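By written order: A, B, C and D. Residues from 1 in each chain.
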Amino acid sequence: MSKIKMGMVGGGAGAMIGGIHRMAARLDGEVDLVCGAFSSTPEKAKASAAKLGVAPERAYGSYQEMMAAEAALPAAERMDFVSIVTPNHMHAPVALAALAAGFHVLSDKPATRTVAEAQTIAAKVAETGLLYGLTHNYSAYPLISTARDKIADGALGTIRKICVDYLQGWLSEPAAPDNKQAAWRADPTLAGPAGAMGDIGSHAAQLAEAVTGHRLRRVSGHLSTIVDGRVLDDDAVVLFETDQQAKGILNVSQIATGEENGLSIRVYGTKGGLEWHQQDPNTLTLKWLDNSRTILRTGNDHAGVIAQSQSRVPSGHPEAFLEAFGNLYRNFAAKIRAVQAGEAAPATAIVPDIHDAVHGMAVIEAVVASSQHDHAWTEVKA
Amino acid sequence: MSKIKMGMVGGGAGAMIGGIHRMAARLDGEVDLVCGAFSSTPEKAKASAAKLGVAPERAYGSYQEMMAAEAALPAAERMDFVSIVTPNHMHAPVALAALAAGFHVLSDKPATRTVAEAQTIAAKVAETGLLYGLTHNYSAYPLISTARDKIADGALGTIRKICVDYLQGWLSEPAAPDNKQAAWRADPTLAGPAGAMGDIGSHAAQLAEAVTGHRLRRVSGHLSTIVDGRVLDDDAVVLFETDQQAKGILNVSQIATGEENGLSIRVYGTKGGLEWHQQDPNTLTLKWLDNSRTILRTGNDHAGVIAQSQSRVPSGHPEAFLEAFGNLYRNFAAKIRAVQAGEAAPATAIVPDIHDAVHGMAVIEAVVASSQHDHAWTEVKA
Amino acid sequence: MSKIKMGMVGGGAGAMIGGIHRMAARLDGEVDLVCGAFSSTPEKAKASAAKLGVAPERAYGSYQEMMAAEAALPAAERMDFVSIVTPNHMHAPVALAALAAGFHVLSDKPATRTVAEAQTIAAKVAETGLLYGLTHNYSAYPLISTARDKIADGALGTIRKICVDYLQGWLSEPAAPDNKQAAWRADPTLAGPAGAMGDIGSHAAQLAEAVTGHRLRRVSGHLSTIVDGRVLDDDAVVLFETDQQAKGILNVSQIATGEENGLSIRVYGTKGGLEWHQQDPNTLTLKWLDNSRTILRTGNDHAGVIAQSQSRVPSGHPEAFLEAFGNLYRNFAAKIRAVQAGEAAPATAIVPDIHDAVHGMAVIEAVVASSQHDHAWTEVKA
Amino acid sequence: MSKIKMGMVGGGAGAMIGGIHRMAARLDGEVDLVCGAFSSTPEKAKASAAKLGVAPERAYGSYQEMMAAEAALPAAERMDFVSIVTPNHMHAPVALAALAAGFHVLSDKPATRTVAEAQTIAAKVAETGLLYGLTHNYSAYPLISTARDKIADGALGTIRKICVDYLQGWLSEPAAPDNKQAAWRADPTLAGPAGAMGDIGSHAAQLAEAVTGHRLRRVSGHLSTIVDGRVLDDDAVVLFETDQQAKGILNVSQIATGEENGLSIRVYGTKGGLEWHQQDPNTLTLKWLDNSRTILRTGNDHAGVIAQSQSRVPSGHPEAFLEAFGNLYRNFAAKIRAVQAGEAAPATAIVPDIHDAVHGMAVIEAVVASSQHDHAWTEVKA
């Protein structure tokens, strides 16, 4: 099986998320990093390429150069898709350039800074027929498929209440001046109009939807900037209603001191509930009307066919963050192979798509708008 | 040490909460149940008295009769205080009658149906100088004292975010017609204008305050009635701000299928956070800026002097709901002894008082008003 | 319902276990402490009696005096049973005297210091037809009944492996000279020939049997004295085989630094397993061949009829150590009432009896003997 | 940085552990699989190679062929080390052949079937000066370094008791005839004289030593074959004493129904204890004399320098089994680079070596011998 060839934009030396994408891409040996525009300066980009085993002639000084040069290569050599791991403001231009040049796109989240930007990508995707994927890695944990299956099968009855917490503490104090991760996330021109809401609230909303199959349709947002000197929100509480009449809460914070990456979801229906914690991702708890509970675990047949397809080792050998992230790369590679073979992608090759991307931006925009209007209920427009 | 003599109003055969109060009162052997008006009919009251070991001549047909008869007894014989365990609508009339007749009052929560009712009790307490206690039993767990101490000592820095969940599932389905616990709680004339918010949301708000020492000053309430046919709310989400500029959420539900009595609190300050779960009440987790955590446990010196005073057995021998409830009775008995001796009550004799009671009703009223006005921010007036 | 009248031997001021027995006895209001020989000196005994609300004329200077005086009282006044809460060496003489005087006996564990002593009690019980109960409080938690039911019903298949841990750290360091709890437990003439094994290993063995319905029949014991200067074992590892061919381990220590009262049991059968932890007593985990798990919780119908009979409050309101201990008193009172009424005791009135007591001593003796013979396999002789 | 080149013996289509090694090797992009003798037949080996992206000319029909052919390649092309992922009986011949041909060796555990076999490898390692590593992956979790550091620093005082559980349930029932993993493990000629003890007991013993820095010096072993028809042990209980006078237990089973891969360790010293569970590998609990606890977590500075070097993502993004396994590959690659550069390997490049391998086999042999002699205490001879 030949490998799918990846080009990367962003992710140069010192970047956190680029390294994660690369480990995820490498894990299954199905994706090869063949080129990149890793940094904003050609010198840095070359240096990164050398470290990453990318040939110097394919270490490009800009994404525009990369698209042009790769498109000019023979089909058997040129990259198959572009992985975008830049700060948010570059997501749209890079994605548009890649699509225009004929390359599939796998982008870090949030998709863009605005709905309008995301819609330009959607239009290009529709026009080109190319694949677009968004790396909402948390919904790629195996047991999220199990949870989705249980709800789809009606095991929990009609869903009535959805609670997602996403609590981090790493911005409890003003970030150090040299913290690049914190710096661009705090700058509206780079990150977009939402801080914590855009960075992790977007994951929280997407997880609620991925688990339940509902869509957020109405939100009441309360964005707060707790730490002095910050421009964007570092705490966000969002009440929502879904297109299937469930109510819910997103409780999102980056000033929850002592929390690492505390994403969790609880869902309650007429027949049962469920609970899952990202920091203990191989356990899914189902809760029943009689107050007994069922514990399901990654890597077992009881988790269901899709969950099993997203799992690599025997149960009890914990699978975690990088494996879930790797599922997105493996699934996206499977979708590309299907396109290349003119076949339908397998049902297990789940990756959030451009519709999810546009909708996700619409959720963020609605929350920001609601918060600016005294948390008035605000429709999600896409 | 002679026992403190208790009369009880409510709590006849089949009542859930009355039995709990009696077990709590008996645990330490400091309180004696000497009389009662246990039921709405004299016959049932007599039958209950017999079962409870109360002398027939002190099993009264009504609370009015009880107050009059007991007041007429010699001081050494008559009850010292009245425990009120009726549905909410009777709390105020019984408390007023007891105070008027010269008896201290220990009342189940919420204090009354309205702020106005609570204020009449407050006026009577001020006039008589008698003791009034409110059985917010959850803040009587030993480690809640530890949590309060840690925050008061500044260990967590300035408190910025407070999250209280109180999730139950027992009303996920329409209650059976013969479920007396559910019936009166669903009737606004008996329970007051709030359902889940009054029944358990009141505990949630009080716990937030007991742990942090803050007072809720502004609320935005979203009360929902999820199950068809119900009049009062069975789900309540409340955003709040405190008098010390912290923000918070109460997430309260009685339709969270599969949750038993899921009360928990998480608090985040500038230096640290804490977490406590009522269903695992002997563990308090402190969370630090460096992401390490400290676990404190009931019954150890490290829990602090007050927590140790509220604990009865060596650590690792779990103490739970009835023991915490018993702390309120033991503490209230200590306060009565202090009054009788003309001394100051010990610092460990902590029982929520009439000011807490009035404030608690003001929180409920503000939440109801906010919810009726599209969750507008609403001041808590007491 | 008139109360069952209790006399107590031991448990004077400062005693830990006596206070626990009294709280347990008081909890349900079915037992009245009417007399006692609380201390080794008459003065101390009188002082304790006053604090405990026992009439001075029934505060006896010795257990012999108590038996004689109480037996001389009219039947309606005299005590119904004797609760023995002395150090181990007094268990047998007091029990024998009580039985000889016509009183039922509820004794703290271990039953005696030796099998021979226990057998003299057994003979007296057989002769008198009186009740004898042993306060193995850990098997009185509600979910232990659930566990027993599940195994008896065959849900786990044939039981093959049983692991009980009982790890404490309170003797990690040499005990303070004024620690009375530690002092008598360390003295073979008072405690018997086993230290940790007798004190808590006896609970561990009994829990294994109470859950599975098996009896230990063969043991290989390794008793260690870790802390310098101690005479008896403070650490005990016991391998065992049961009368139903299961194998198992008791891992018992009082030098497991940082463990409070870490008693837990895991059982594995051909169809499933189970796990229960005393410090989280309201949760029982069942484990299945397909690696899914079922969580059962105290206070729910799913826990079974007997478990429900041993529970006092709605599920999610945790019940703990004192409630489990109280079950023994309530159950023993029910047995006495049945005897007094000439009826069979209810099936729910479970209290370990004299056969359990003799067998328990035989387990301890076999472990000690095995340990003295290089951990040779040794039969349990009763 | 050029990649370290790996050849693999074993791990053809359908092999479980081979795939795990390859994912581990790929994760960091520092190791390239360049050749292999993947299967016992040349046809299967070629087919596996094609799937794995190995050039057909370097898919060898036997390990002997591989050693010869690779040794004949130019230094810049030939493999740097051999990864051995065969059943146990092939470990020694392959390792010896690789070393003889001048290649470093990284071998799956247990090292061999016997001490004697391991010693022949040790002699060859001594003779050649080549590197030998053993993939005890569980001690490669980041927090195991933290645990080791804490003990080495004296934070827990003198270590007195060590408890390791390794409980699995996958062999609770007779294995299906087509279960290749189960089949060779059950055959003494392939697996060696120990079943569960060799397969997972070897990990348990090694973990005890890796955490404490002690060596097992004396064992008392009880091997049981619970499931009918099996030849080797499927349950093993081992008591041990270490060279530093600590006592301990290994509780090992593959018939613990409902357990997935339940490896855990608890250590108790004079000043504190610690606990770690492989299924929750990012949490390390320290336990103190005052019964408070400290929780440390993967990915934080508080975990220590070495632990941080074995971690790839920010804390709260869980790292698990494959990442720990990947640490061994990354560390072994670092050692090879150091050898190639003529430098000392970095202190963080921790991989169990040939001395550990020989000692590990000696532990297994001593346990088997003890079990055959009525669990007599038996010295570990290496």
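Following the convention adopted for this analysis, a residue touches a chain if its C-beta (ideal position, glycine included) is under 8 Å from a C-beta of that chain, and two chains touch if they have at least 3 such contacts.
This structure is a prediction, so every number in the text was calculated from the model and none was measured.
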Fitting the CA atoms of chain B to chain D, what rotation angle results, rounded to the nearest 5 degrees?
180
Centroid comparison with chain D (C-alpha atoms), farthest chain
B
Cα centroid separation, chain A vs chain C, in Å, comes to 55
Cα centre of chain A to Cα centre of chain B, whole Å, reads 44
Expected list for chain C, residues touching two or more other chains, is 259-260, 291, 293, 297, 300, 315-316
Spell out the part of chain C that touches chain B in their complex, as residue ranges.
1, 3, 16, 19-20, 22-23, 26-29, 50-53, 168, 170, 259-262, 278-282, 297, 299-300, 312-323
In the complex with chain D, residue positions of chain C that touch it
156-157, 160-161, 163, 167, 169, 172-173, 220, 222, 224, 226, 235, 237, 239, 247, 249, 251, 253, 255-260, 266, 268-273, 286-289, 291, 293, 374-377
Going by the contact rule set out above, which residues of chain A touch chain C in the complex?
285, 290-297, 300-302, 315-316
